[in-house]
Amino acid sequence: MKAGEVMTILDNALRIGKGVTRYGKVAAYIPELAKKDKNKLGICLYTIDGDRFEVGNTEDRFTIQSIAKVMALCLALETFGAGFVFDHVGVEPSGEAFNSLVELDNRSNRPFNPMINSGAITVASMLEGRYSIEEMQKYMQDVCEDPEIAIDEAVFESEMATCARNKAIAYLLKSKQIIDNDVEESVTFYTQMCAMSVTARNLATFGLLLANDGIQLSTGKRLISSQTVRMVQTIMLTCGMYDGSGEFALKTGIPTKSGVGGGLLSVAQKKMGIGIYGPSLDEKGNCIAGCELLGYISEAFHLHIFDQTEWKVE
Amino acid sequence: MKAGEVMTILDNALRIGKGVTRYGKVAAYIPELAKKDKNKLGICLYTIDGDRFEVGNTEDRFTIQSIAKVMALCLALETFGAGFVFDHVGVEPSGEAFNSLVELDNRSNRPFNPMINSGAITVASMLEGRYSIEEMQKYMQDVCEDPEIAIDEAVFESEMATCARNKAIAYLLKSKQIIDNDVEESVTFYTQMCAMSVTARNLATFGLLLANDGIQLSTGKRLISSQTVRMVQTIMLTCGMYDGSGEFALKTGIPTKSGVGGGLLSVAQKKMGIGIYGPSLDEKGNCIAGCELLGYISEAFHLHIFDQTEWKVE
Amino acid sequence: MKAGEVMTILDNALRIGKGVTRYGKVAAYIPELAKKDKNKLGICLYTIDGDRFEVGNTEDRFTIQSIAKVMALCLALETFGAGFVFDHVGVEPSGEAFNSLVELDNRSNRPFNPMINSGAITVASMLEGRYSIEEMQKYMQDVCEDPEIAIDEAVFESEMATCARNKAIAYLLKSKQIIDNDVEESVTFYTQMCAMSVTARNLATFGLLLANDGIQLSTGKRLISSQTVRMVQTIMLTCGMYDGSGEFALKTGIPTKSGVGGGLLSVAQKKMGIGIYGPSLDEKGNCIAGCELLGYISEAFHLHIFDQTEWKVE
Amino acid sequence: MKAGEVMTILDNALRIGKGVTRYGKVAAYIPELAKKDKNKLGICLYTIDGDRFEVGNTEDRFTIQSIAKVMALCLALETFGAGFVFDHVGVEPSGEAFNSLVELDNRSNRPFNPMINSGAITVASMLEGRYSIEEMQKYMQDVCEDPEIAIDEAVFESEMATCARNKAIAYLLKSKQIIDNDVEESVTFYTQMCAMSVTARNLATFGLLLANDGIQLSTGKRLISSQTVRMVQTIMLTCGMYDGSGEFALKTGIPTKSGVGGGLLSVAQKKMGIGIYGPSLDEKGNCIAGCELLGYISEAFHLHIFDQTEWKVE
């Protein structure tokens, strides 16, 4: 495919996304997020050949929210090893909403997976025992290649004031001895890492890092091990979109993680990283435009993991 | 029945209770409770004619624990009215364990009833907004007619250090806007009221107050309204023994509430109040001796609410 | 209370009931039941002194439906003994809807209680192994003192054609080896016993039998043992109104069982049996008028089990 | 990789599998399956270059059981289209056991996915309305390239005699109007298709068909559409191993479906189909040897979907 064709497809994708934006809503439960302009939309592709294709608001900053769970999982796997991490957090889809306590209390003695809040708080608690939030920030800056990633203090304050449910989850984890650290500090660390401010371009950069097996394209340096990359992509595919993961995998076949800040991180193995920003969310809390247009992009560029058609930008 | 016969039956009951004591265990999850002597057992009956019959360790002090839920419910009903209270807490048996979060998160927007932790913490949070813990203590002293009821500080500290699950419940209630107050203060108030130190005799006195329709026998003064007494007894009968309430109601037919401190409070309407102390607990956390011997006592004195045999101490 | 006053209260009760009839609906899921006139309402009281007070449509025939669960439980307890019966069916409120499979599959290896469908089908299956449906019919005729009680064939056929859910429950019971008999025959027996056609007067008669400790007032003969009566009343109180049992017990304090045919059976111990017919149902499938007016009647006649006021018709 | 090396790895895999066989059990709940020799083990690889590599008992016949769900899904998608099929069955992992009714009754109005019994019975019911069992058999013969695939009558009879749970599921589906056909006929069709007798070689052949995008290698004919192949592989990956799907996907990264007959079907896209037979099952009902050795094979041949290493048999 020629670069011009890629841009045409991206323009179509933007139009498709804009077409559904009005059916979504900005996150209402966090006052600071509720202020966002729901008409914003940006898409950034970063290919394995080093080409970057962008349309729309790809440089707007927004809080990374749940997408931080992916970075946190990478760092935890590299720091503590898969054995330790998966002793504390499972890798099964839960079939429940992202913030459910039910499956944790009722059906298991571990959070089902690290993409739902209970699992991510467990991972954050591990990291909090080893790293300062500044070190976590530095890690996110490195994998996204952007030294300006920083905590959005207004969002952070806003979320700390409304995090009763996450505290409930964290105290439940504590009561089950799944987390050892101080609950308040763990929740603070988790909320801080979710409040890091990124751009769609940052997410595409991080997506490409995973698509390229953990090797930074610009430097050729390995930042993340192959094994971690493989595990993280698998978990994104099976659990990344909460209780809609199965349908999303069927439709797009691209490991993806969403955040209520409006971000979407997608990894098309050996092909490209994709970052999307659109604060208008569907009922499950995913960027409504992004979910719609990713189906189109997946089709157009043959990005579905089980699509056997060869495809390349020339 | 002659008073002598009553004592014979009580002696039998004590022997029956002692027979099963060794099959139980003292509460292990609260370090201070784990130190108790599991062989202790005391039974106190206080009849509507003003007779008190006692055997065993009826003057030993122990923490009231979940039995405080009954006093708290009485005070809340009298303070805020049934309409307000039952807007925030239901009156249905949950079919789940006392400390479950599942039924709260999954099946309802209110705690199922005020005898399980979620419901009792909701009630405690209401009271905390209106009363100091000293006033709560005074209320418990009044209804038990014992000015020496006080917080057992060692148990209180021990429970505060291990109350992660109750905090999880309280934060979940907060996130669902069922409680409005500060979570930490609500949990503290709840834990303090559970750490009040009482005797089997105290419980019999309070039981008699309820059995006598809310009128203090010694003074003839009404302390609790008829309507509250009726509601509290109904809830004790249907929900007082957690997910074993149905079976207990079938067997004994006596509204009863247990506490992990080893106490049992029973109300035999128009007949007597019963207080039992035995720190050896069955698997569900109820005084193992008390549950066993209450079946015998209910049979012997015809205390089952649906037993139509007339019975009286002469 | 004078007889005239009783009639005045009954007239009020009828008016109160009629006032809410329009807010309910006749059972829609069984075509034959959907044809009923939702304005019908009848109340029959039958006191322990042998007085019968009636207003409205107390001689209309309707299918007994779930109220047959009470007769079936009585017969099973008398035939097989409490030990055997409660080995197969629990006595705990389930906190779930009457036709739920969840609590059976998930939380227990026995149906929670004999008042929900899974428990009642288990009881029916026991009886089916011992009795013909004609013998069951004869038993219902005896305890209701009405030789004309018979299967309403149209309703029976209608229900057999729409009983997929009950078959699902029965096969689940079979798969868990809780029932041994042929599933199809058990469901047929159950559906037949639910299709027996009764009047409000029949239910009052049966209610009085239980209120009088199992002794038939007209003959002085004991038809049901004291122990069975006690157990059945307890289970009616804690489980008789499904997941609304707790609230109903709080409000009326009268052991009661409803059927989707519009019937209500109530037992006011040592005082009276009450039979009500009103096919307009509330959302939980209970006679909407009956539930409303029973609160009033309970209050007026002091029928709440924890109401200590003396009351008698003179 | 040389062919000789492939054989060495297969021999190792057989040894690894044999090493864990003794820790498993043959299926006990179906008497006919319980008779199988638990020491049998066979592995067949069929590569996209047309090479077949085999070790052990690859020609033994066994009943296909749940692996038939994959063929049934293919046929249903090709017959009725994805829109119709996924209107009746979801594509989400359930987080519950394969034969659970809970998630169906409680959390959704559709079976979670077509790989669990409720979903597969729904699919079978669709097919039963359109095809005879002989046509289904013919389809299975075609995609497996073996005209000798036939119903194992002894196993079929055995399963029909013990299928109460599947009938419970089917009646629940009927009561929710998810299936329209006759329940008994749907369950019979489902049980017949599960009782088809296949070999490990058959499964490898079918696996290769999917790995080759639906085109039969020997003839170059397209038997299944690309779109169906893509969807089926995705669902196998996310849901194929029941509530262990996530962990299996993490470890092996190969879309796989197991059957309690001891079979395993695996699809390594663009590389090979894998068929395994070993009747010794782990606790979740999967071939214990196969699960173990697939991890090794995946590693050795770089078959994980997110393994970026190039690999080929020369």
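Descriptive notes on the structure:
Should a chain be cited, it is by its letter among A, B, C and D, assigned in written order, with residues numbered from 1 in that chain.
By definition in this document, a residue touches a chain if its C-beta (ideal position, glycine included) is under 8 Å from a C-beta of that chain, and two chains touch if they have at least 3 such contacts.
If you're wondering where the values come from, they're calculated on a predicted model, not measured in any experiment.
The chains touching chain A as well as chain C are B, D. The chains in contact with chain A and with chain D alike: there are none. Rotating chain C by 180 degrees superposes its CA atoms on those of chain D, with the angle stated to the nearest 5. Shared numbers divided by all numbers used gives the overlap of an interface; between chain A and chain B this overlap exceeds half, so the copies present the same residues. A separation of 49 Å divides the Cα centre of chain A from that of chain B. Taking each chain's centre as the mean of its C-alpha atoms, chain B lies 32 Å from chain C.
Averaging C-alpha coordinates per chain places the centre of chain B 55 Å away from that of chain D.
Along chain B, no residue makes contact with two or more other chains. Each chain pair that touches appears in this list: A-B, A-D, B-C, C-D. Interface of chain A with chain D (complex): residues 90-96, 103, 107, 112-113, 213, 226, 229-231, 233-235, 237-239, 243-247, 249-250, 253, 269-270, 304-308.
Partner chain D is touched in their complex by these residues of chain C: 100-102, 105-106, 164-165, 167-172, 174-175, 183.
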